[in-house]
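Structures for review follow.
The same subunit A turns up in both complexes below, where it pairs with subunit B and then with subunit C.
Now for the complex of A and B:
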């Protein structure tokens, strides 16, 4: 029973990280209808920038995360401006290839700048606490709390502010949004900025319990894709629910099925979903 | 000048040069690199047939490459089969798996297909990596035999191996040429341009797509099996996503959806990588942005770019000859060229 609860909490931790990454991915998909394969590279950059800020510049953990959000958000904006904007009228296969190009570049860049070895991120929240007989590290609690706060803030931003609702409007109908006077270019840039920022937060809070290395984004991004297909491409609640579903099934699967194959579970779910419903669950409209 | 560089002449030139290449150089290293390039070309042709002609970007082809390689490796090393029997069987296995995967995966489209195949490729990689009793896991398979000879012909030297791989490559090019210039090839292009339209004019899109998918996985498997017999050691890394990204780079640089693109792209990128030796592991610092830039400015790669320039010049010449009055004929000619290129 203890193991079960412990694993459920682990699932909650991983799920929070997945949900944050998937949120960024789903926001971009909602606006531009491109699966951003380079999103995992943004996640990886987020981890490295936080790490560098802490070790090289001696900044505090939170300030380092803040810098990382800004920098990665800016990389996201650059991506939109330089690559996805010129390609907005092209056939979909080209967006994907361009995104893969960015991904390859960023990974090689990280390897060139920071080296290929695995690095651990020191965290000021390494201490162990006992809650209701469970041994938890502060960092894991922090991940869950921070993720929930970020999700609530994002939701408030999207629902309650004017700028936020322009994003929703554009994801509902691009031409329509343009007609009522929304600057779609600016909204696209803003969305990429938020998406990059979310990836940076996810990487920075999860890096202390995982590790930082050039390929750290690969598995996470694949799972984020599974999540947004599970939750519906472009759907925000779907990304959050999907993130936790994958998080729980992975941590439970690792304990009760096989630790070796735990990474396959998410993909297995995806294969089953797309086998049954080729357009993904909860897909809007039909072709 | 450009008229000389049409695809048939490029292929003929390529065949001639590659036939005499081992006679000119005695450097076995060069022959080794060339053979590897040929092996990759076969896989890239597989990718090209699917992504270039029907517009379905499959990111699982590194997986099928690995299945071909491991099929051969396991059948010869663990099951002690004779080489050519294992070779044929490994192709059959790849094709069969391709058929099963294709039946399911091709129901999804565009982004879903790309994501589906990406995840599938990862599943194949993980299975190879973790299924130690069958694949030896991270240790890899060692001691894969070289191809058995036929009578007096033996494939033990680098040179003979080179010609063997070249033979298969030419076979693949021939098959590609026949497919692209047949009615089926036209159907594939119709599917790429608009699947709904193709369906309404009576093309069975499902069957055509499945045929292409199985064929392209066969090419990938063939490429993998040849790789295994040439390098004679395989590890799970050959199924990694990095491999599919390499293949994609070759294809995009050369020209996606063109017949000569895989030849030119693979040769160019592989030799460039060889020049960048010390820089090998960081080569994507250059090729990554190159991929992105090409897709933005020359979506059909070098071959497509050259063809476009050539076509523009033709149109200009035509204009000068016909004067301004006959713009109708000129646009008609342009359309003809468009169809020819496919």
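Now for the complex of A and C:
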């Protein structure tokens, strides 16, 4: 029983990270219909910038995260301006190839700037807490809580504010949004900014339990794609639910079936869900 | 339907991305254009150049490892060249390193080796992974070049390849001291959590029967893929559920240290057997102190070793140049390069691989005192033979352990 609860918590931790990464990915997809392969690289940049802010400039963990959100959000905007915006009229395959190009560029850039070695991010929340025989660390609790807060804030922003609604409007119908006077260029930039910011948050809160290195984005990005396909491309609740499904299937699958097959279990769930609902759990239907 | 199509499109493109990302080739430091004269074609008078080949991961997740091994070779070459090069049958030669990136992929190592031979006529090619060694062993005896194999994998020597030189000691030598120490101190139940590489698998396959023969029990067996896992809590929780006394861990130092740290967070009090790939001093950087590593046994970190008086000097030189404390990756390749240089002198040839190989014992004997960061006394069974250096962490300190 203890093991079950412990593993549920482990699944919750990892699921929170996946969900945050998937959210950024699904937002961009919902608006621009671009599968942003470079999203993992944004995640990696987020980790490095937080780390640099903490080690080089001695900033506090939270301030470093804040700087990282801004910087990575800005990188996202640059990506949109310099790469995806000029390509908006071209066939979709060119967007995809451009995204791969950005991924390779950012990874090489990180290796050049920060070196190829693993780096460890210190966290002020290293304490171990025991609750009812459950072993948690403050950092892990922080991951779960922060992820939930970010999701709630994002939801409020999208549903309750005018700027947020323009994003929803544009994801529903780009031309329609344009007709009612929404500045689609600005919304596209805003979306990339939020997407980058989400990647930075996910990387910064999860890096202390792992390490920071140029390939760290690849740990999460493949799973994030599985999540948004499973949850429905472009769907926000889909990304959240999908993130936790993958998180739990990994931790429980590893415990009760086999650790070596836990990735297969996740993909097996994907196959079942796509068989029953070929467009994903929360797809909006008809584009 | 359109949606379905786009889903397939994305899956397809993803596959493409990851196959592409794997060959994220960035730094190909080819020096091919620079004096590709090769060895041997002696024109009397001025110094000749001997090209030394290197193929290892210089980009991608293992790039730091590749760079460290390459730095060791580089440092030796710079010192030898700085001292005027080597003199072989009356003619002076200088070394030139030609390094190629193989992204840790054996097939790339094979292709790189062919290229190095054709373009640079390298009599020796270094590679820091067993997969690359196996790939080159397919043709190195026909094409006549020596493999400078930086791997502790016993199989590279067991296949009986006549032109392979294994630089580090075989890892099967560690089984007995590691097992004895941990069984004695902690108990007979062990859980396996090594890295999910071929090397980790081979290590496990050697350790398991040995541990069981000594009356121990393997209570949990799995592997961790450091290129895929974001968090190790799940697998460590499952391993600890079986109440092991000892954990077998390994892989690159930093992620291995994270596994140890998370095991401690989950309340594990026992000891660790650390595969020779991970180094205690590098792990300390992640865990913060040696306290967390108490009860761990592994190879002696070079910088802590007292075996040779020249080590502090070497550590200082290396630190000045590369801004980090050298590990055995740098140290062993450094002395390896010196041995090869001495073997060339003794063989009286810089391009005849067979002659150089035959003179390897002389090379080991003639290594200058100031380069002896490891003590090797003979060349035997396809590798350099010296005393194994094993260390454990006790009460927050590195303690050398006698190998009987």
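Keep this in mind: the second predicted complex is superposed on the first by the 257 of 287 C-alpha atoms of A that agree within 3 Å, B and C clash if a C-alpha of one lies under 4 Å from a C-alpha of the other, contacts with A are read in each partner's own complex, and residues count from 1 in each chain.
Quick note on the criterion: a residue touches a chain if its C-beta (ideal position, glycine included) is under 8 Å from a C-beta of that chain, and two chains touch if they have at least 3 such contacts.
As the structure is a prediction and not an experimental result, all values here were calculated from the model.
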>> Is A:103 touching anything from subunit B or subunit C once the two structures are fitted on A? First, second, both or neither.
In response: both
> Which of the two partners, first being subunit B and second being subunit C, lies in contact with A:46: first, second, both, or neither?
Replying inline: neither
>> For A:76, using the defined touch cut-off, is the partner it touches subunit B, subunit C, both, or neither? Pick first, second, both or neither.
In response: neither
>> Quick check for you: in the superposed arrangement, does A:13 touch first (subunit B), second (subunit C), both or neither?
In response: second
> Can A:251 be said to touch subunit B (first), subunit C (second), both, or neither?
Replying inline: second
> Between subunit B (first) and subunit C (second), which does A:120 come into contact with in this model arrangement: first, second, both, or neither?
Replying inline: second
>> For A:233 in the superposed arrangement: first (subunit B), second (subunit C), both or neither?
In response: both
> Between subunit B (first) and subunit C (second), which does A:278 come into contact with in this model arrangement: first, second, both, or neither?
Replying inline: both
>> Per the contact definition in the header, classify A:268: touching subunit B only (first), subunit C only (second), both, or neither.
In response: first
> Where on subunit A do subunit B and subunit C both make contact?
Replying inline: 33, 35, 37, 96, 100, 103-104, 107-108, 111-112, 116, 218, 222, 225, 229, 233, 260, 263, 274, 278-279
>> Looking at the complex, which residues from subunit C come into contact with subunit A?
In response: 2-4, 6-7, 10-11, 13-14, 16-18, 20-21, 24, 26, 59-61, 63-64, 67, 222-223, 227-231, 233-235, 237-238, 241, 252-255, 258, 262, 265-267, 285-286
> Inside the complex, what are the residues of subunit B that reach subunit A?
Replying inline: 51, 55, 57, 104-105, 107-112, 114-116, 118-120, 122-123, 126-127, 130, 241, 245, 248-249, 252, 256, 281-285, 287-293, 295-296, 299
> Given the complex with subunit B, which residues does subunit A contribute to the contact?
Replying inline: 33-35, 37, 83, 86-87, 90-94, 96-98, 100-109, 111-112, 116, 218, 222, 225-226, 229, 233, 260-261, 263-264, 267-268, 270-271, 274-275, 278-280
> Contact residues on subunit A for subunit C in the complex?
Replying inline: 3, 6-7, 10-11, 13-14, 17, 33, 35, 37, 96, 100, 103-104, 107-108, 111-112, 115-120, 128, 135, 137, 140, 206, 209-211, 213-215, 218-220, 222, 225, 229, 233, 250-251, 254-255, 259-260, 263, 274, 278-279, 283, 287
